[in-house]
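The chains carry the letters A, B, C and D, assigned in the order they are written, with residues numbered from 1 in each.
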Amino acid sequence: MAGSILGTIFRVSTWGESHGSAVGAVIDGCPAGIPLNEEDIQIYLDRRKPGKSRFTTARNEADRVKILSGVFEGMTEGSPISLIVENTDQRSKDYGDIAELYRPGHADYTFDKKYGFRDYRGGGRSSGRETIGRVAAGAVAAKLLAGLDVKIDAYAKSIGPYTVPDDAVDIRYSRENPLCLADRETYEKASEYVSSLIEEKDSAGGVVECRISGFPAGIGEPVFDKLDAELAKAMLSIGAAKGFEIGDGFEVSKARGSENNDPFIARNGAIDKASNHAGGTLGGMSDGSPVIFRVAFKPTPSIARTQHTVRRNGEPAEINISGRHDPLVVPRAVVVVETMAALTAADLMLRNLSSQYTHIKDFYMNK
Amino acid sequence: MAGSILGTIFRVSTWGESHGSAVGAVIDGCPAGIPLNEEDIQIYLDRRKPGKSRFTTARNEADRVKILSGVFEGMTEGSPISLIVENTDQRSKDYGDIAELYRPGHADYTFDKKYGFRDYRGGGRSSGRETIGRVAAGAVAAKLLAGLDVKIDAYAKSIGPYTVPDDAVDIRYSRENPLCLADRETYEKASEYVSSLIEEKDSAGGVVECRISGFPAGIGEPVFDKLDAELAKAMLSIGAAKGFEIGDGFEVSKARGSENNDPFIARNGAIDKASNHAGGTLGGMSDGSPVIFRVAFKPTPSIARTQHTVRRNGEPAEINISGRHDPLVVPRAVVVVETMAALTAADLMLRNLSSQYTHIKDFYMNK
Amino acid sequence: MAGSILGTIFRVSTWGESHGSAVGAVIDGCPAGIPLNEEDIQIYLDRRKPGKSRFTTARNEADRVKILSGVFEGMTEGSPISLIVENTDQRSKDYGDIAELYRPGHADYTFDKKYGFRDYRGGGRSSGRETIGRVAAGAVAAKLLAGLDVKIDAYAKSIGPYTVPDDAVDIRYSRENPLCLADRETYEKASEYVSSLIEEKDSAGGVVECRISGFPAGIGEPVFDKLDAELAKAMLSIGAAKGFEIGDGFEVSKARGSENNDPFIARNGAIDKASNHAGGTLGGMSDGSPVIFRVAFKPTPSIARTQHTVRRNGEPAEINISGRHDPLVVPRAVVVVETMAALTAADLMLRNLSSQYTHIKDFYMNK
Amino acid sequence: MAGSILGTIFRVSTWGESHGSAVGAVIDGCPAGIPLNEEDIQIYLDRRKPGKSRFTTARNEADRVKILSGVFEGMTEGSPISLIVENTDQRSKDYGDIAELYRPGHADYTFDKKYGFRDYRGGGRSSGRETIGRVAAGAVAAKLLAGLDVKIDAYAKSIGPYTVPDDAVDIRYSRENPLCLADRETYEKASEYVSSLIEEKDSAGGVVECRISGFPAGIGEPVFDKLDAELAKAMLSIGAAKGFEIGDGFEVSKARGSENNDPFIARNGAIDKASNHAGGTLGGMSDGSPVIFRVAFKPTPSIARTQHTVRRNGEPAEINISGRHDPLVVPRAVVVVETMAALTAADLMLRNLSSQYTHIKDFYMNK
């Protein structure tokens, strides 16, 4: 599992299993001098916390973050920032009976194939609790970005068949409803839909949309480490994500060049684009327009219905997943998308500092 | 542009501008002992060559690869493999007049913002010729994979509004038609569509689909370097790509868990899945089923129509792009998708060698 | 301080300041299936513990390690291993008066120049406590190596002017005396020497020697990531290290080729070398002979004598460092050298798994 | 041989075997806007060229560099810089007879063990020609540094038993004598010494010293990527290097803290050090004093005397190395040390750009 480190300069190393004693993250490469306290991070963790509505599990996860290093007198000091969240409500007994069964849609089988055995307690490293490390570290990246006037907002764009129209997106509303949908009307329909799925012991998918605003032009490193490429990796690394698109996304396949090209214009003395089909990126670098992308999430694989599967030895079996599980991952995925975008944006902004020799000379010769 | 290196063990460094003297790639970390000659690579380069039909440009690009290092007596020797393709047909005069204009849908503006100036000759590093390095290196990865019985095939799944039905995919046919579409009927409709766009001085988008077969289970490194995450990055790093999805992709957002979960079954004494909505990945690791993903490509931004834009100084202007340009990138993107998938798969297979201590002990204690 | 991650496959991220709440390390990329418990690590931490003799400080550091993740049922599970050691005896008041002074030989000044301010409490990140993360992670690497019959032993080779003769090295004895010197006679002289320096409020330097035995031939990655190069980096990254040499080291500059070349011979049916001037490496790869290298350590910069220095504002000042400090770092550096060597050796052994295609085919086709 | 890439931001990938068609390097991450032409690089390559005196081989290596990409209108453009030098004088027949023999002191045996076979033509990748890629890339780094007023000078400090006294170092003179010794008197003695070794068909070792001047304080990334640690790695990665030391180096082991600590003083209104035992580094970061380090090189292992060795099958054999070989590597290693230092210093200066949030805000908010 040599894949728990992300980033080139702002590098995050996450750790922790669902039923170990804690989960956490270490950030290496955070600049010195950013004001930071635990509350800055807690705000983000609270947004991914379950137990807030009938659409999320009844677990009581306190999820209080502690900063163990890297902050001195309220400022990041340039050294690694170690963040920890204890696992307080583990109840391993709920899971013991599935040590020998492969849950459909889960990573049980692939973990066994890769490592020879697996931590069956609540999914181990493949549990949704793994995202706590991402969110905590991403909150630090968001703080870095905020001081540069870069703002990132994610929200549910669709749940099941119900989609928020582009012109109805209301980010503030998305923070107020348990499904994080960015429109009241869509929320009401989706809410009924999810309720009916709960009754049917089934689960729902959805799409999370994310906007980065205030992002300067020129961020992203051609050719492999493009802004869109790094965002795509960050998003597909989230547990249940199955697709990523930026700007018009898959719709571009049906468009014509004359429609899809965004004309450049002069606006208020600056260069701008008349439209934003591109979603804020050209040639893998930000173009100064808002960066807009979407991530598709599959329905929660843990459902209370009886499912067919096999045992580790290949014998057919039936499985009933009795634990506490969300009927959909989307509401909790919103803040994960947002913080993964923050990690990606922060790292690329730091990488961009060495693009122009003129700036490097300014830095070293005039400072 | 500190982003031209890809991979962790099998690492590729590509280089070259459209109108420099050559383009190329260096592979660091290729194992010793793989039979390799220039023809193995040339086959792939020929598939991306233009000039084969009315749907690709009239440029005469010879694009002959030379292996400059890393191969001895017909075998890779473990040292870096340097691959070079000379630029023979550059005609820089075609492009000189656009040094001051920003082409819509191109990276001219973002290059200027990032680096302070740009190589305006044919797009410089953002030209489609940049993909030659990817394809050449990816051909080596494909050779490595072939010896492990892993096969990768990409083809056009849709062009404009015309989509190949899932049950009609014919990979062999895709290699025989100039649009690389995997179905004759779809090809005939799309062919007319593209012809009409050419007449209208416009361009088309499309979707490329890719299948990795024979891929063992357990490949991919949770949590950030998942198979799907690395594929997503590799695909979105391709010039005109705007979306990536794996398995059912964006459709999962509308599915229910009970439909989307793939039940495990025993088949011929081995564990298999009854369906493959997941597209061959669970928890970010391959699950032994074929890996299937799609990439959306935008219409070629270079169109012969007059377009509105601005000059570098912000003044409004009109632009007519007169060079030789493909009416769609999809046919040439097919082999780029395929080779980028090969690079990703090969690197992750090498990374996976250190997953289990048992195997490491076998390697060192019994060899 | 984007430099707290080491390794390519077996990657260690360390964190923690002297006077924060804890120090620790996260290992990403440790293979699954290695038996591991806290005691395996504690043994190494105990060797670096102060408070054992008159040659180490009187601080009472418990330094108990906890494994927070990555181990399940007594085995590494392939996921990140998070290790933590709480800081229990911090006494920050001892250090408060030097917030404005630059201690000679310390990193106070350079931290201020790099980050704009510094954590003055006990040296912050530049404290010797930073090595706890290295030692804890290195203990895991040592466990991995032990199962492959690779053994690493470090010991003090010299202290001040007193050097253990090559033919007198007794590793067992080095574990029994407080200076970790590998010879009783040398110990007795050095012991007096150090005692007299303590009286004079001064400090001593020394040389640590390290042997890797049982190391298979072929480990190390030419051309930049050679075994000797990676060892040199690992060693010079230790706080007070000022030099590294392998085999005959600096002596080779005076030798002739005819003396320095180690002739190959056949011994017991295997290829061996008649001598080992090279110190077990040829062309940056291990050659099957013991790897032998040395690291020079400067005298502890914290001395109780009055020293001249300046304040942050440049004003001349005098400084008296009153805290508890070792009169020499060597005895505690021994286990740091040993574990840093283990981290380096383990990572390069994992990287070597992909050297030969034949082995990769064996792995994937026959498993 | 997955080890031919060096650096984090300014990343160099070198390639090429002694008897392949060419050798070269690709630089990824060089900032845009540095004036650069082939002559800037050729000056450095000419310094490592053999055939200039009786102390270097009679081969006639033209070694003309070509820039294939990354430079536009005389300026680096931010994209990868591909550098190539053709191998024109290969004479492989000189080497054919040693395909089955292991040359003492060479990497033949270890290559066979690592890769299963080797490129026996002139040492393949382990040949001294491999350093051409380093020198070419390092010349670009030196150009970057020159614009920041950072200057790097290496010279021979000792050859065999003859050492240049510290107070006699004359860098200009070192550029004028074939042994690159920094003092005439030492040169005259060493010259006789080397001549007598040539007669005896033997070879000599030596020490190269290097000074970085004008280096700002605060460069280097604690804790693993310290300035000294990265320099040590860079130096030990050079073929025949066996030791590295910085400042007083191994001598510190015999010094007392009260002697070895460099007192801080105020000089011309700035903070400086009264002495420089540390060699310009404190806590792994540059301290503003000149950085001074030394590298020990072993005698050329290729000697014309008959030596004992074994065949690949283990049979005892005698070997006479008849090719053209330098009697010492030091004169040609001087420019390799200098350019490797330049690569290390340039990369760390770019990494340092993200140390302070204040500067990042300046960059993004005021630009």
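Operating definition for what follows: a residue touches a chain if its C-beta (ideal position, glycine included) is under 8 Å from a C-beta of that chain, and two chains touch if they have at least 3 such contacts.
Predicted model, so just to flag it, every value in this text is computed and none were measured.
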- line: Sorted by label, the chains bordering both chain C and chain D are A, B
- line: Most remote chain w.r.t. Chain D, using mean C-alpha positions, is A
- line: Taking each chain's mean CA coordinate, chain A and chain C are separated, in whole Å, by 38
Query: So, what's the distance in Å between the C-alpha centres of chain B and chain A?
result: 25
Message: What's the distance between the Cα centroids of chain A and chain D, rounded to whole Å?
response: 44
Message: Quick check: what residues of chain D touch more than one other chain, meaning two or more?
response: 1-5, 9-10, 14, 29, 32-33, 78-79, 114-116, 125, 216, 222, 351, 354-356, 358
Chain C to chain D touching residues, read off their complex: 1-6, 14, 102, 104-107, 109-111, 113-116, 125-126, 130, 158-161, 197, 202-207, 216-226, 228-237, 239, 241-250, 252-266, 269-271, 274, 278-279, 281-288, 296-303, 305, 307-310, 314-316, 351-352, 354-356, 358
- request: Report the residues of chain C in contact with chain A in the complex, numbered from low to high.
  value: 1-5, 9-11, 13-17, 20-24, 26, 28-29, 32-33, 66, 68-70, 72, 75, 77-82, 84, 114-119, 121, 124-125
Task: Over in the complex, which chain C residues touch chain B? Could you list them?
output: 8-10, 29, 31-34, 76, 78-79, 144, 147-149, 216, 222, 349-351, 353-361, 363-365, 367
